[in-house]
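Going by the order they are written in, the chains are A, B, C and D; count residues from 1 in each one.
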Amino acid sequence: MPNLTYIALIPLLPLAGFLLLGIFGRNYFKTTSGIIGTTLLLIATVLAIYTAYGYFFEYGKVAGVYQKLVPLHYTWLEFSKGVSIDMGIILDPISVMMLVVVTFVSLMVHIYSLVYMKGEERFPTYYAFLGLFTFSMLGLVVSSNIFQMYIFWELVGVSSFLLIGYYYDRPSAVAACKKAFIVTRFADAGFLIGILILSFYSGTLDFNTLIQKLTSPDSVELKNAVAASFLGVSALTWGLVLVFIGGAGKSAMFPLHIWLPDAMEGPTPVSALIHAATMVVAGVFLVARLFPVFAISAPEALNLVGYVGAISALIAAVIACTQTDIKRVLAYSTMSQIGFMMFALGVSGHGGENGLGYTASMFHLFTHAMFKALLFLGAGSVIHFIHSNEMKDMGGLRKYLPITHITFLIACLAIAGVPPFAGFFSKEEILLAAYQHNSIIYYVALFTSGLTAFYMFRLYFSIFWNKKADIHGEHHGEGGFALLMPLILLAVGAAAAGFIPFGNFVSSDGTKLESAFHLQFSILPVAIGLIGIFTAMWLYKKKNDKPDKIAASLSGLYKAAYRKFYIDELYTFITKKILFNLIGRPAAWFDKNIVDGLVNATGKATQTISEKIKGMQSGKVQQYAIYFLIGVIALAVLFIYVWK
Amino acid sequence: MNLLLLILVPLLTATAILLMRNASQVKWVALTGATAQLILAFVLFFAFRKEQAAGNPLQMLFQQQYNWFPSWHISFHLGVDGISVAMILLTAFVVIAGVLVSWNVARMTKEFYFLLILLSLGAYGFFISLDLFVLFFFLEIAVIPKYLLIGIWGNGKKEYSANKLALMLMGGSALVLVGLLGVYFSTPEHTFDLLKLSDIQIPPEVQKICFPLLFVGFGVFTAIFPLHTWVPDGHSSAPTAGSMFLAGISMKLGGYGCLRVAVFLMPQGAKEYSTIIIVLSTIAILYGAFATMMQKDLKYMNAYSSVSHCGFVLLGIGMLTKVSMTGAVMQMVSHGLMTALFFAVIGMIYERTHTRQVNEMGGLLKVMPFIITILFIVGLCSLGLPGLSGFVAEMTVFMGSWQHPDPLHRIATIAACLSIVVTAVYILRAIGQTAMGPIKAGYENLSDATWNEKLAAIILVIGIVAIGTAPFWLNDLVSPASQLILEKIQLVQ
Amino acid sequence: MMEPGLYHILFISTALFFIGVYGFFTRRNLVTMLMSIELVLNSVNLNFIAFNKYLWPNRLDGVFFTIFIIAIAAAEAATAIAIIINLYRSHRSIDVENAEEMKY
Amino acid sequence: MSGSTIIFYLLAALILVSGAMSVTSRQIFRAAIYLLFSLIGIAGMFFWLQYEFIAAVQIVVYVGGIVVLIIFSIFLTQQAGEKLAKQKLGRQVFSALAAFCGFALTLLQVYQHDFIKTTAVAIEPTVSNIGNQMLGVNDNGYALPFEVVSILLLAAMIGCIVIAMKSKPEAA
C-alpha cells in the first residue's frame, strides 16, 4: 500500500481556506477570497480523484474484495482502554466515492459562486464558510471512528447553519437557519445516545472494530447487545434506531424534514452544495457505513429505515407537486430522492446479490448528487436572472437562458428516470431491489417515481415554457463562463454517470456485484415516468387553467399538500405550546417564584425574627426583668424536673 | 517548581496596586501581574507534565509544608495534581482576560483591581492547598471580594444580589466548615492534612453526615439545585469582570472542592449519596436549560445556562467513574473559559448598546463583527460544537456516565444528552436576536472591540479552541488524578 | 394553728420576695421600683436570719450577711436615688417607660 | 396557741399586707408609708427571732435611713397628690402570673426539702459575739468583707455625689 497520508490534505485544504479567509479575509482578501477558496478546493478535488483512481484501480482491491484501509489514525481523546475518539481516515468504496462527489460538487459550487455571489459584502466570509462546510463534510465521509463522525456531523450542521443564515439580516433566513440547526440537533441527540449504546455494548468507537464485533455471530458483545432489551426491543436495535434518527435528521426524513424547505433561504449555490448533494445524504451515508450491523444484527432497524424512507419519498413527492417556489420544489424533490436512497438501503441485504439495494442506494446517491446539484445551480441561474423564486414570475425563459435550459432539461430527464440518463440506471436498481424484497415499498416507490417525473416537468415547463414572463428592459445574459461551466460539467455527469458500472466498485461486502439489466422490468417504471412527464406537459406547457381546476377539484388534498400536511404547524405547536409554554415558562416561573422565593423567604424570615428579637431589646428595664425571671423559672424547672 | 510563587505573585501584585498613584499605573501593574500569573501557570503546567512523563509516582507533586498552628495540627501544606493544575491554568486565563476587560472601569479603579487580584489569590491558594484548613481559609478569601465587587461596581439591584450571593456562599462555606470539623474530630490524629486523611479510613457514620455537608457546602458554589439562585442575580448584577471571575473561577471552587474534599476523602459517603447527586444534577441540567430559554436578559441567560452546565460537573462527579470525573474537571475548565468569555462579550455589547435585553437588539453583526464573531464562537461552544471545549467536556461526561448500566444512570445520561438540544434552542435564540436580523435603529454607529477587549477575547478563545481541538493534553493531565480518586472509591465495597 | 417555725418564715420571705418582684414589674415610677427592690432585699435578709436561727444556731454567718446586705442596700438606695434625681433633672419625669434610650 | 405564735402571725400579716399595699397603692406617698410598715414588721420579726441587734440595725438603717431617703426623693420628684401612672393590665396580669409561678415553684421546693438541724450548741447573737466574730481575722472572720463593704460604701457615696452633681455650665 502506498503512503496515503496525503489524503489528510483533502479535508485539511478547505479547512486552511476557512481559517485563512475567516481570520484575514475581511481585511486582506476582500476580492481574491473566491479565487483562493476555489484554488484550494481544486487541489483537493484533484487529490480526491487521484485517490479514487488509486483506490479503485491500484491498491484497494485485494483478492477481488475492496478493503477498508485506514491510512491515518491517531488517538484524539482516550476515555478508557479501547474506547477512544480517534481521528483517522478510512478508505473504502463509499468513502472514496463520497470524497469525489463532495469535492467535485463543492468545486462546482465554488466556481459557480465566483459569479453568483460577486459583490456580496461578506464575500470572504461566504467562501470561508464554504471551506468549513467542505472540510466538515470530507471529514465526515472519511471518519474511521463513530465519534469522529459525530464530531464532523455536528460541524456539518453548524456550517450549514452559518450558510443558511448567510443573509443574516433577513428574518426569514435567521428563522430558517435556527430551525435547521435545532431540528438536526434534536436528531443528533438521538445519534449521540445511539453512539453511547453501541459503544457500551461493543466496547469500542472504531467503525471497523465495532462492525466486526457487532456482526460476527459468535461475539460476546453481540450477544450482550441483543440480550439486553428495553420495551421488548433489543439494545442493539435501539442503538441503531437512535443512530438512524440522527441520520434521518440530517437527511430530512419524515418527520424530521421540516427544516429542509426553509433552508432554501440560503444562497442558491449553498442549497446546491449542502441541501442537494452532500450534507443531506450524510444520513444515508451513516446508515451505509453501519450497514453490516443493520443488515446482519438488527433487521428490524433496517426495516424501519426502509419504511421511513418510503414514506418520506412519497410525502415529499406529493408536497413537491403543489409548491410554487422553485427552490422549495427542489428541496422536496431532494427529500423524496433521499427517501429513495434510504429505502433502497432498507430493502437491501448484506452480501452478494442481496446487497443490490445497498449498491443501488449508493449509486443513486452518486447520480443524484450530479443532477440535483445541476438542478439547483440551474434554478440559481434562473433566480439570478429573474430575481424571484416564484413560478408565477417565470415562464418562457428558454430563449433567454438556452444553456441553462438544456442542462436543466437533462437534469429533469435524469431525475425522472428516462433512459439513458443517470437517474434511470440508479432508480431502476432501487426499484428492482424493492421489487425483490418488499412489495409495499415497491409500489409506493413506483407511484412516487411517477410523481417525481410529474413535478419535475411541472417545474421545467413552468420555468421554460408556459406563459412569457415580463422581462423588463435590462436584459443581462446567462452570466459568464464561471456560471455556465459548472452547469455543463454537471450536465455531462447527469447524462453519463449512469454508465458507470457501479456494482463493480461499491457493494455491501466489497465484492463485485453484477447488476443485470432487466428490460422487461424496466418498462413499467419508464412508462410511469413518461406518463408523469406527459401529464406535466399537458398541464403546464401552455398557459391554461387546467392546473387550477384540478387543484380546485382536489381542494382538500391539494391544500393539505400545499401546506405541507400541516407538519410545520404541528411542530410549532409542540415547540411553542409544549416546550415553551408547558416546560420552559413553568421552569422559569418555578425558579423565580418558588426556588428564589424560598431563598428570599428565608431571608425575610431571618429579618422578621431579628426584628422581633430586636423588639425584646426594648430598653425597658421591667421587660428585661420579666424575661430574666421567666428565664430563671424556666431554667429552674428544666434543672429540677427535666435534667434531674 | 515552588508553589508559593502562585500565592506570592498575586499578593505582590495586590500590594503594588495599593501603592500606585493613578488608574493607568494600576491597570498596567494588574496586567503585568496577571501576565506573570499566566506565565507561572504555564511553567507549572510544563513542569508538572515533565514530572508526570518522568513517571513520578506521587499523587501530589511539588509538595511543601510549613507549620502554621502546630497545636491544632494545621500546616501550610501545598501540592498539586493534574486537576489542580488544570484549575490553575483556567484561573490564570480568566484573570488576565478579566483584567483586560475591565480596562474602562473608571470608579475606584485601584480598589477594583485590588479585589480582582485578591480573588485570584484566594483561588490559587484554594487549588494548591493540601490542608483542609488552609483550603477553607483561601475559600473565604475568594468569597469576600465578590461581595464588594458586586456591591460597589455592580448595576441593577446590586445590593440585593451582593447580599444574596455573599449570604448563600457564606452559608455554603459554613456547611463546609462544619463538615471539615467533623472530619477533623472523627479521626484519632486530629489532622486537617488531606493526604493523611486520605490514608485513614474515615468512619462510615462520619462520612454519612459529613459528606452531604461538604458536598452541599461546595455545591452551593457550583450552583447545585436548588441552591443556585444566587447565580442569576449575582451574575447579572456583577460588573463584567466580576461575572467572569464569578462564573469562571468561583463556581469552579465548588466543583473542585466536591471532588477533592468530599468525594476523595469520603468515598463511602459519595457512593451512598451518588443517587441524590445524580438526580439533583440532572434536574439542574434540564431545569437550568429550560429556565434559560425563557430569559430575555443576556446575563440572566448565561447565568441560567451556567446552572445547566455546572450540572454536568456535578453529574460527572456523581457518576463516580474515572471518565465521568475527568469529564467533570474538563467541564469545569471548559465552562470556566466559556462563561468568562460569554460574560466578557455580553459586557462588551452592553457597553455599546446599553441594554442586555435580547429583544432590544438586532443585526449587531453588521456593526461589530469581531464581538459578534466571538459571541458566535462562545455560543457554539456552549451548545457543544465539536472543535470547541464544551463538546469535549460534555462528551467525556456522557461517556463516563453511560458506563453504569442501571436505569437511573441511563435516564440521567439521556436527559443530559437531550439538554444539549435545549441548549441549542436558547443559544440560537439569543444569537439570532442579538446578532442577526435587521439592525435596530440607533445601533448603526456602534464601534467594534478595542484592543484590550480583542486581546481578552482572543486569549480565552485560544483556551477554548486548544481544549476543543486537542483535548488529549487536558485528558492526560486530569485522568491520572481521577484514576486515583476512583481507586479510593473502588476500595469501598 | 401550727407552731411557727422555719417553714413559716420561709413562706413569708418567699411571699415578700415575689411581692417585691411583682412591684418591680408593674410599677412605672422609679422610686416605687426602688421600694420594691427594698422589699426583695428584706425578704432575703429574713431568710438569712431564719436559716441562721433554725439550722446553724452555732454560727453567725447569716447575721453577717444580713448586715452586709443592709449596708449594701443603703449604698444602693443612695446611688439609685442619686440616679433617679439626675434622671428627673434631664427628663422631667421618673417614669421608667421614658428612660429607654439604651435599646437595640 | 401561745402569745408568741399570735405575735408571729400578726407580724407576718403586717409584713405581707403592707408589702402588698406598698407595691399596689397608687399614691406614692402612701406606698412609701406601707413600705415603712412592712420594714418595721420585718424588724419585729427579727425581734421575734431574738436577733435584737439585727432588728435594731434594720430599724436604724431602713426605717431611719432608706425610707426617709425615699420620701425625700419623692418630695423632690413628685407633685403632691398626683396619682401614679397605671401599668397596662396585660403587664399586670402577666407579672402577677410570673411572680406567682416563681412563688409556687420556690415554695414547692422549700416544702419538699428536708432541712437538717444541727445539734451543736447555739451561740447567742449578742452584739459582742457579732462584733468579735465579724471583725475577726481568724478562719471564720469577716474582717476582709467588712473592709470591702466599707470601701463600697465610700465608693457609693462618692458616686452619689458625682451623679447628683449639677454639670457645670459650658461657658465656665
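In this section, contacts are C-beta pairs under 8 Å (C-beta built on N, C-alpha and C of every residue); 3 or more make two chains touch, one makes a residue touch a chain.
In this text the structure is predicted, and so the values were computed from the model without any measurement.
More C-beta pairs in contact connect the chains of A-B than those of the other pair, out of A-B and A-C. Chain B has its Cα centroid 36 Å from the Cα centroid of chain A. Between the Cα centres of chain A and chain C there is a gap of 96 Å.
Here the spacing of chain C and chain D, counted between their Cα centres, is 5 Å. In whole angstrom, the spacing between the mean C-alpha positions of chain A and chain D is 101.
Multi-chain contact residues of chain A (touching two or more other chains): 622, 626, 629. Multi-chain contact residues of chain C, defined as those touching 2 or more other chains: 21, 25-26. You'll find the chains touch as A-B, A-C, A-D, C-D. Residues 91, 94-95, 98-99, 101-102, 105, 109 of chain D are the ones that touch chain A when the two sit in their complex.
Residue ranges on chain D touching chain C, taken from their complex, read 1-2, 4-5, 8-9, 12, 15-16, 19-20, 22-24, 28, 31-32, 35, 38-39, 42, 45-46, 49-51, 53-54, 57-58, 61-62, 65-66, 69-70, 72-74, 76-78, 84-85, 87, 91-92, 94-96, 98-100, 102-103, 106-107, 110-111, 115-118, 120-123, 125, 129-130, 133-134, 140, 142, 145-146, 149, 152-153, 155-157, 159-161, 163-164, 166.
Looking at the complex, you find that chain A touches chain D at residues 622, 626, 629-630, 632-633, 636-637, 640. Per the touch definition, chain C reaches chain A in the complex via residues 21, 24-26, 33, 96-97, 99-104. On chain A, the positions that touch chain B within their shared complex are 26, 75-80, 83, 85, 147, 150-152, 154-155, 158, 161, 165, 168-171, 173-175, 177-178, 181-182, 185-186, 189, 192-193, 196-197, 199-200, 228, 579-580, 583-585, 587-588, 590-591, 595-596, 598-599, 603.
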